[in-house]
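Down below are the structures I want you to see.
The two complexes that follow have subunit A in common; it is paired with subunit B in the first and with subunit C in the second.
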Partner chain A sequence: MFRMMLYTQWKWSRLLVVAGTLVAFAIPVLSVQSAGEYNLQHWEARALLNSIESWGLAYPILAAGLAVFMAMTAWGPDHRGRHVYALSLPVPRWHYALLRFGAGAVLLAVPVLAVWIGALVGTASAVIPPGLHAYPYALALRFALALLFAYAVFFAISAGTTRTAGYILAGIGAIIVVQVMARAAHVEFDLVGTIFGRMLGWPGPLEIFTGRWMLIDV
Partner chain B sequence: MSHAIEMRDLHYRAGKSFEIRDLALNVPTGAMYGFLGPNGSGKTTTIRLMLGLLRPLGGKITVLGGEIPREAPRVLARTGYVPEQPHLYQSLTVDEAFRFHSAFYPTWDRKWADELVENFQLDRGRLLSRLSKGEMGKLEMLLALAQRPELLVLDEPTDGLDPVVRRDVLTAVLEYVSQQNATVFISSHLVHELERICDWVGVMDRGRLVAELPMHSFKNGIKRLRVANAPALVGDAPFVLLSREVGNGAVETWIVRGWQPTMTQYFEGVGAALREVVDLDLEEGFVELLRTFRSPRN
Partner chain C sequence: MSERRLAVALLAVLAGAAPAAGQDAAALRARIARVEPIWRAAARLANLVDSTRRFGPLDTLRSGPLTVYASPQLAPLVRDAMARARPILDSVYGQETARLAAHRWYVVPAMSVEYSGSGFVIPVPEAPSLDLILTNLLVQASYVYGQDEWLGGFYGYDLHPERALADAYIELVTAPSGAARGCLLGSLPDCALAFGLIPGADTVMQWYDAQERRQLVGQTDFYRRRAEQAAFDACTAGSDAACVGLLRSTQTYIYIPRPLGSISRTSLLRTAFQLGGSGAFHQWIGYARSPAARLAAAAGASTDSLLSTWRAEVLAARPKTVIIPDRTAWVTLLWGTVLTLVALRSTRWR
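Now for the complex of A and B:
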């Protein structure tokens, strides 16, 4: 059962997986390569770290992008058939959703592996200045966690009905309206900023996406 | 008599305009049950409730001894379903659709599925999105049959199919039923199609079951009578008067249900004369039944 679920998910998302894997492999390799021979050979630590850090933004963007598209492809065909086929199969709804989620998660393991291998290849191809260290395992693990979290969130949203999406949009809209009204009334109240702060800062759920994504660090 | 499908006091609402209320339906085990009704009468909704695809607001549904929706997965494993609209994943090939579908059904009969592919002349490598309507209809039927179900639920399975494909599909169903003694629940608005194959009939309109009876009773019980000097009030008639129309002169046309030849005596008793008894075919009976149901008295 899971094998066929995995097969269909692969069929629907193989281009995404292949492209995502190539990018996932390329980012850590390029981040080290772009640091430049000069910085590596002359052990210009600060310049090297700045260069590595500038590539760090690519990891959460890639994780979020892969998660969104994988979640969309996971539910897209069922949405088109108004879920009649999925609901008529002799498995409980939670079981079907779990199979779909699992199939997507397994395929997302491929880009995670690519990040890890790319990080190993990138760091192996360069001489790291003394005092700095490579963190290929930690980077790949963080990428995996970010990817899994984003996939879980978008999978849940994507599984919902148009009404669910409406509720989410209405919630976002309500926050914006409250903020605009507070501004209009000259009330010092930064609701959007507060929510973003809570979401993106520790222990917020999106904290894993923020901060520095460093393949090489002190 | 045991029942493959039982519904009691079923209540469901979709928006403000459509409602199923107090629906009671009984499908005998082993029956070919024709579910008739005009478009929008609630046939598809009833089927979806029956299979646990929709959740009722109230009432009780039992299918193959399992309570729906609580035991829906167990029931669905023994039920073949052909929905009104094609619902399979369009990006799969015929062969992939087989493999995907069969993975969920332990009773899948691969050998018979292969035979049906040959009989239906389906191309295994073709994408579902490239199949014609007839080919898709055959594929849906094939998937439902090859899992060897105890119950087949067919929602307008031949709607829009050409006569050749329609014959192929219905022949496959009849062959299967003759082998397995399965129960078939088939919804349609094609009255003549059901007349040929069904032994029970249920008629639905506006979310309510108008009639449920054996096919022979339905076919033989509804008559058109030509009555001279008809009484103004019917009184205690032994039949159900569905409608009456004044014709030329003093002769009226009555549509009645539950007619028996011995009932001619009734007319002598009320001073009327029965001039003619006309058999209505199923379609005419169906139309008259709905017309009566929709009359302001109801």
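Now for the complex of A and C:
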């Protein structure tokens, strides 16, 4: 049953997977194009690191983008068919959801592999000055974890009912309303910033997306 | 220059030009030296008058040693900026903030302005922010104390000192110099050498080894353009004598790149000021001594102790790389598992 699920999910999402894989391969390779000289003065090293750092934003964006589209693709046909297909299968709901999740995760392993191979190619093609190091494995591992986590988030949201999505949106809206009212009352309380900061810092769920996503670094 | 300034300058020169017995160069120079302060004072006055004319009526705002002339509509904002600037300036320059009293600032709507010679001009857009005025005040205040040759620039307030330490770390680990590498590994004499704190050190030979000298010459456009082709070719082909000769012969035209440049030097100076407390800046600029002696005086500690503290701070400021700490990896997996379990518990009934 898993093979069939994987096959159908591949058919629905192959364009996304192929495009994501190409982009995932290209980012690390392109990010180190400016690494061409062995001995650098400090300002050149700084410029090189800045250039690589500017590409760093592309990895979490790609991970989030791939996760959103894969989660939507995984549940889209079920939503359109009003879940009749799922009801007709002789498996419990949790099993069906796990198969869907597993099929999506397997397909997302392809862009992760592409980041890893791209990072290895980029490392081999770049001239790494003394004092700097390449991190192809760490970069691929971070990308894999970020992608898996983002996929879990959007998969959970997509698997829910419209009512669940409504609750989530209402929660976000309530936070914004409280923030606006606090500001109108001249209360110095940054609720949005505090929540966002907690989510981005340890042990927040979004910490994996922060930091320096750099193939070559100190 | 306006007609008024020309007239004032001419009057000043005429006032000093009394009939002289001889017209030799020394006498002329002495007379010029006598007249020059009068001319400068007159020019300052003329500048002030010109500025007032050019910028329109200005409010005079004072806060401690700071005197700022500002357009009336900008005055409240400038007053706030001055109030915020004062404690910052005090913390950076200590008792030396008194020097700022000899200077004037003009905060005026943006227009084509020139440095007037008697004050600093901060041209601002139609709706300026307090931060813009504050930043300009702080940056221009650093000009009052002049450039420092050892530092390679001006010393002023740094908005992000922690970033400066991280930048110093990058400079330390990427400097193509044996002295900097030795410093990274913990050799304080190498730190002193890389910072240029050892008087009489042969920088050509001690900062860089033979291979680094060759690469330095080969990669620097200046040498490629200026050097005799034969010497350049010999150096890049492996002759260290040729490299040393080239570097020494051009030392008067171009500085040999310093292994630890102004980023690291500024961070070392900041560490010295932290150790030295108030009065440290006064010690730094107060006397004409070697950079090492001035740093030690500012820090109130030996140079070795200062370098050791700086090195520890810089190593602690190493930027985080892409490597995931174990706890982050586990927390991410935990959150992912929780969310997956939530998805598994979703209902098929819509």
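Assume the second predicted complex is superposed on the first by the 208 of 218 C-alpha atoms of A that agree within 3 Å, B and C clash if a C-alpha of one lies under 4 Å from a C-alpha of the other, contacts with A are read in each partner's own complex, and residues count from 1 in each chain.
What we mean here is this: contacts are C-beta pairs under 8 Å (C-beta built on N, C-alpha and C of every residue); 3 or more make two chains touch, one makes a residue touch a chain.
As the structure is a computational prediction, the values presented were derived from the model and not from experiment.
Peer 1: Have a look at subunit B and subunit C on subunit A after the superposition and call it: clash or fit.
Peer 2: In the superposition, subunit B and subunit C stay clear of each other.
Peer 1: Which partner does A:3 reach: the first (subunit B), the second (subunit C), both, or neither?
Peer 2: Only subunit B is touched by A:3; subunit C is not.
Peer 1: Looking at A:110, would you say it contacts subunit B, subunit C, both, or neither? Reply first, second, both or neither.
Peer 2: neither
Peer 1: Could you look at A:121 and tell me whether it touches subunit B, subunit C, both or neither (first, second, both, neither)?
Peer 2: After superposing on A, A:121 lies clear of both subunit B and subunit C.
Peer 1: Identify the partner contact of A:12: answer first if only subunit B is touched, second if only subunit C is, both if each is, neither if none is.
Peer 2: The answer is first: A:12 touches subunit B but not subunit C.
Peer 1: Which chain, subunit B or subunit C, is in touch with more residues of subunit A?
Peer 2: Of subunit B and subunit C, the partner in contact with more residues of subunit A is C.
Peer 1: Which partner chains sit in contact with A:192 here, subunit B, subunit C, both or neither? Use first/second/both/neither.
Peer 2: neither
Peer 1: Could you tell me if A:87 is touching subunit B, subunit C, both of them or neither one (first, second, both, neither)?
Peer 2: In the superposition, A:87 contacts both subunit B and subunit C.
Peer 1: With the two complexes overlaid on chain A, check the angle at subunit A between subunit B and subunit C, Cα centres, nearest 10°.
Peer 2: Here the answer is 160 degrees.
Peer 1: To be precise, I mean the smallest distance between any C-alpha of subunit B and any C-alpha of subunit C in the superposed model; what is it in Å?
Peer 2: Across the overlay, subunit B reaches subunit C at a minimum of 5 Å between C-alpha atoms.
Peer 1: Please report the subunit A residues shared by its interface with subunit B and its interface with subunit C.
Peer 2: Common interface on subunit A, subunit B vs subunit C: 82, 87.
Peer 1: Applying the document's contact rule, which stretches of subunit A touch subunit C when the two form their complex?
Peer 2: Touch residues, subunit A against subunit C: 37-43, 45-46, 49, 82-83, 86-87, 93-94, 96-98, 101, 129-133, 135, 138-139, 141-142, 145-146, 148-149, 152-153, 155-156, 159-162, 164, 202-205, 207-208, 211-215, 217-218.
Peer 1: Applying the document's contact rule, which stretches of subunit A touch subunit B when the two form their complex?
Peer 2: Going by the criterion above, the answer is residues 1, 3-4, 7-8, 11-12, 77, 80-82, 84-85, 87-92, 95.
Peer 1: Please output the residues of subunit B touching subunit A within their complex, sorted ascending.
Peer 2: 51-53, 73-77, 81, 83, 85-92, 96, 99-100, 103-105
Peer 1: Under the definition above, what is the set of subunit C residues touching subunit A in their complex?
Peer 2: Result: residues 167, 169-171, 173-176, 212, 215-216, 219, 257, 261, 263, 318-324, 327-329, 331-333, 335-337, 339-340, 342-348, 350 of subunit C touch subunit A.
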